[in-house]
Amino acid sequence: MLKIFDTEIISNAEVSANIFKLEINAPELSQIAKAGQFVQVKISDEFTLRRPLGIASAKNGVVKIFYRVIGKGTEFLSTKETGEHLNILGALGNGFDTNINGRILLIGGGMGLAPLLSVAEKIDAVDVLIGGRNKGEVDFWIKEFRAEVDKIYITTDDGSLGSRGFVTSLLPEVLEYEDYAALYTCGPEIMMRGVYKIAVENNLPCYVSLERRMACGLGACLSCSIDTASGRKKVCKDGPIFDAREVFYE
Amino acid sequence: MLKIFDTEIISNAEVSANIFKLEINAPELSQIAKAGQFVQVKISDEFTLRRPLGIASAKNGVVKIFYRVIGKGTEFLSTKETGEHLNILGALGNGFDTNINGRILLIGGGMGLAPLLSVAEKIDAVDVLIGGRNKGEVDFWIKEFRAEVDKIYITTDDGSLGSRGFVTSLLPEVLEYEDYAALYTCGPEIMMRGVYKIAVENNLPCYVSLERRMACGLGACLSCSIDTASGRKKVCKDGPIFDAREVFYE
Amino acid sequence: MNEQLKTEICGIKMNTPILAASGTFGFGEEFTDFVDLEKLGGVMVKCITLKPRAGNKGVRITETPAGMLNCIGLENPGVEKFLTEILPRIKNKMNVIVNISGNSVEDYGELAKLLDVEGVAAIELNISCPNVKDGGIIFGTNPKAAAAVTSTAKKFTSKPVIVKLSPNVTDITEIARAVESAGADCISLINTLMGMEINIHTWKPTLGNITGGLSGGAVKPVAVRMVYQVAQAVKVPIIGMGGIRTAADAIEFFLAGAAAVAVGTANFANPAVTMEIANGLENYLASRDLNLRDIIGKVKI
Amino acid sequence: MNEQLKTEICGIKMNTPILAASGTFGFGEEFTDFVDLEKLGGVMVKCITLKPRAGNKGVRITETPAGMLNCIGLENPGVEKFLTEILPRIKNKMNVIVNISGNSVEDYGELAKLLDVEGVAAIELNISCPNVKDGGIIFGTNPKAAAAVTSTAKKFTSKPVIVKLSPNVTDITEIARAVESAGADCISLINTLMGMEINIHTWKPTLGNITGGLSGGAVKPVAVRMVYQVAQAVKVPIIGMGGIRTAADAIEFFLAGAAAVAVGTANFANPAVTMEIANGLENYLASRDLNLRDIIGKVKI
């Protein structure tokens, strides 16, 4: 059952340069939301389209979202203040499987860590490999993940925190330490393809969270259609979580 | 010298049903503004056009505006709060002559009282004839005019305050009590025409403040052009104040 | 269901004169959490072609001032799958109006014939596509081509044929008259205006297809004007669309001459918007003690 | 004045490639408190006709989603008064580009001749007006009529002739090619899209003239698309306009193929906007170490 929720903003604060953490009061949504699902946020009456944002946490009636200001919509969103209302459509998409047997490794780059946080929140045996451009971009993620995961591995492009390089540089090493049942990844497509390649080499299931521009978010408009090994799919409805084999098949 | 002012809202409160009093901090504008001039208010980035509103008072660095909520622009304006900024273009138009010898009678209907208040503020020998639909619509005007004029005459359509009827019903009587040097009027066009007729009968100069839809407010776009006895004129630049003989000549 | 809003357009009984525009409402099912599909006058489903199609590559939508551009293209599962898998699922839930596109006049005929089945309320000819077989000109920009498509479709179906006009023309009334003469039972308009956006960082067109169709509030004044012009030019009923977001917008179209209206882009901002428009229209009429027919085409000139 | 933005278009030396669009900027003088007129590439003054005209009656403008409709009509003091009273006042302050309108082909010729005087930088033919003398069809919607107006104007003036295209056509490139062949030195586009609004309380069209011209942000995607199409079709320089509000918008037009741009409706929200756009453009180019010519028409397809 999808719904439009009239929620109230608890807080909307910059946690790193141009990255905001938004907390909204949304009891019903927080109950029904599955890890890896997303919402369509109405920015204001002046915006023709809603903006898709991942649910990073849904707990105790509160839904948390992390977003980067990249254009007009997210910029306007960043000006909203505590107490203002936010119209939200959700929860959308399929979500990650949170009933898997065994330990899961979450691998996220940049804002891709948002949906992974909601997975960490839901399952116990879970570690995270965090990638970012620099210390500032990963620091707040570390704080968010600390309580939810066992191990945190960190890479930064500039080496200002953790090991220098990309998540794909560190991943093979991480996979040697520990046996994982599956890899869940979200971030730039090139990163996810890299992760998938390593997953294949290690014979591990790999699930990815995809991003496409979306209008309806309901599977109606075909803005977000993609080719998969089993035909055309809609990222908003059939995804955003896909078995990497389905989408990176070529 | 016209300017765009970045002003701060001191208050923006409903003073009667759907009528708001807006006070802004605008030292320079308040210095240069002449009675009867107006400003073009930028509602927000989403509005293509500014909205013309009369300067009702310009004193001690504060500019006061009274506006009725009638459409999208004024509705949005009414949601602005103390401390928010307001982008204002002004001061526009010619304004009333405030150096006239002798007593002036101001005759205003509804929101037409706004520019007349700025006249009352600037000259001493002045009375006002206030017209409105009902008590609620004139009460706050009485408060505003009290300190600025000598006599206040009141009519309401429903008789709930002052005499029942229109300003034009009471006007002939008022003109009997006192000798006026001129009539300044602003309000619905039909009312102003009525006032002009009585002025002619009494051989009195009559100045009217006109309203037309405006885009530029600078005399450039011809949105507000009118026919006058001396050719085409622009209400925004050649007006909004006109000798009634010029505009009601037919 | 409110009686006041019931209407009938070329034989299609509608509970309200509010429809969902093709390409924005899927097959209707996607909106069941927000919309009582029976309360819609009909759902103009995503365009159907003879063969399944994947549509355009790359970015397919972008937001523009008070509007959006789309270049979905003709992605659809093809008429066969529509008839066997989709139609049976949806046919009893709403008036199904099937929007069809072809590469040639014959395509339209074939589609019209295949769709002449129970459960299809009407077919809507999307003529904003190029005549691939015959020079590539857009059917909807040429009165002869538009008429040819219309008369061919009419020949092969017993269903009402709605012809959906492209606004990218010099004289919309010329096309409207041409399709009326060719037998159109109803005219719908407007389809999208052709537009383009360029990304100033990458210097590439934002959309995968370079250009796309402009829709949403931005186009409303153009749509109202065209509905008004076409209403003066033809006798068949008109389904008006283009930028409708509120009941007030819809009423403008009725006054301009539309017998019904369709809502497209506004469904994205608010999936329940069609219901709100129906309610708003009902209130407008009730508060003035009017029937729907009292406002259709009643703009005072 | 920044050297980077200097340019020359059909012989007109411009300090920046940012112009003010006809009808939105008066005769330039009205904006001197906000704009350094010399910093503009030119001011396309309000259209001038042979005789003085009063324009349309009734309401002349209304705001629409991200845009506006206007039906000012051709109000102007007439060419004589323009030449004797206005031109002497403004000619040394800016590049004066005179926008002209006529009721017949001959009118354009006569105007072109009368305006072939010192102080006029160029004339711009507004061909979005009806050929009153010859059936009433809009010059700009017919390639032959557009070409006739162009060649006649060219015959009677030594000034560069800019032809301003109407977007209300099926194929903008057809008109562009026709006026280029007829001798146009430059093409400007787009003029306004024809639109309409109906007041749902009074049931009357909002505008005194029933329909009006749509401009502002809403039309930008259509304008960018048309500039792009015309740039592929002709060799003469293009002055692009339609919905430009920011430097980013202007850059889109340059990438699409405009050699200069004009700003219209945005002057109303911000009378200093042309200066802000010029500065923004300068920063964009400087930060990338580019010249203006490095971006013109450089959209990557």
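Letters are used for the chains, namely A, B, C and D, taken in the order the chains are written, and counting of residues starts over at 1 for each.
Just so it is clear, a contact is a pair of C-beta atoms (placed from the backbone, for glycine too) under 8 Å apart; a residue touches a chain by one contact, two chains touch by 3 or more.
Computed from a prediction, not measured in an experiment: that's the story for all the values here.
Chemist: Counting hops between chains that touch, how far apart are chain B and chain C?
Modeler: 2
Chemist: Comparing centres built from CA atoms, which chain ends up most distant from chain D?
Modeler: Checked the centroid distances; the maximum from chain D is A.
Chemist: Measuring from the mean C-alpha position of chain A to the mean C-alpha position of chain C, what distance in angstrom results?
Modeler: 36
Chemist: Would you kindly tell me how far, in whole Å, the mean C-alpha position of chain D lies from that of chain C?
Modeler: 34
Chemist: Using mean CA coordinates as chain centres, what's the chain A-chain D distance in Å?
Modeler: 48
Chemist: Of all the residues in chain C, which ones touch at least 2 other chains?
Modeler: In chain C, 64, 66-67, 216-217 touch at least two other chains.
Chemist: Multi-chain contacts in chain A: which residues touch at least two other chains?
Modeler: 46
Chemist: In the complex of these two chains, what residues of chain C are touching chain D?
Modeler: Listed in rising order, the residues are 64-67, 69, 141, 168-171, 193-198, 200, 202-205, 210-212, 214, 216-222, 224-225, 228, 243, 248, 251-252, 255-256, 284, 295, 298-301.
Chemist: Under the stated contact criterion, what part of chain D meets chain B in this complex?
Modeler: By the definition above, chain D touches chain B via 23-27, 30-31, 33-34, 46, 54-55, 59-64, 66-68, 70, 72, 75, 216-217, 265, 267-272.
Chemist: Considering only the defined contacts, which chain A positions touch chain C in the complex?
Modeler: It is residues 1-4, 42, 46-50, 72-73, 89, 213-216, 218-225, 227, 232, 237 of chain A that touch chain C.
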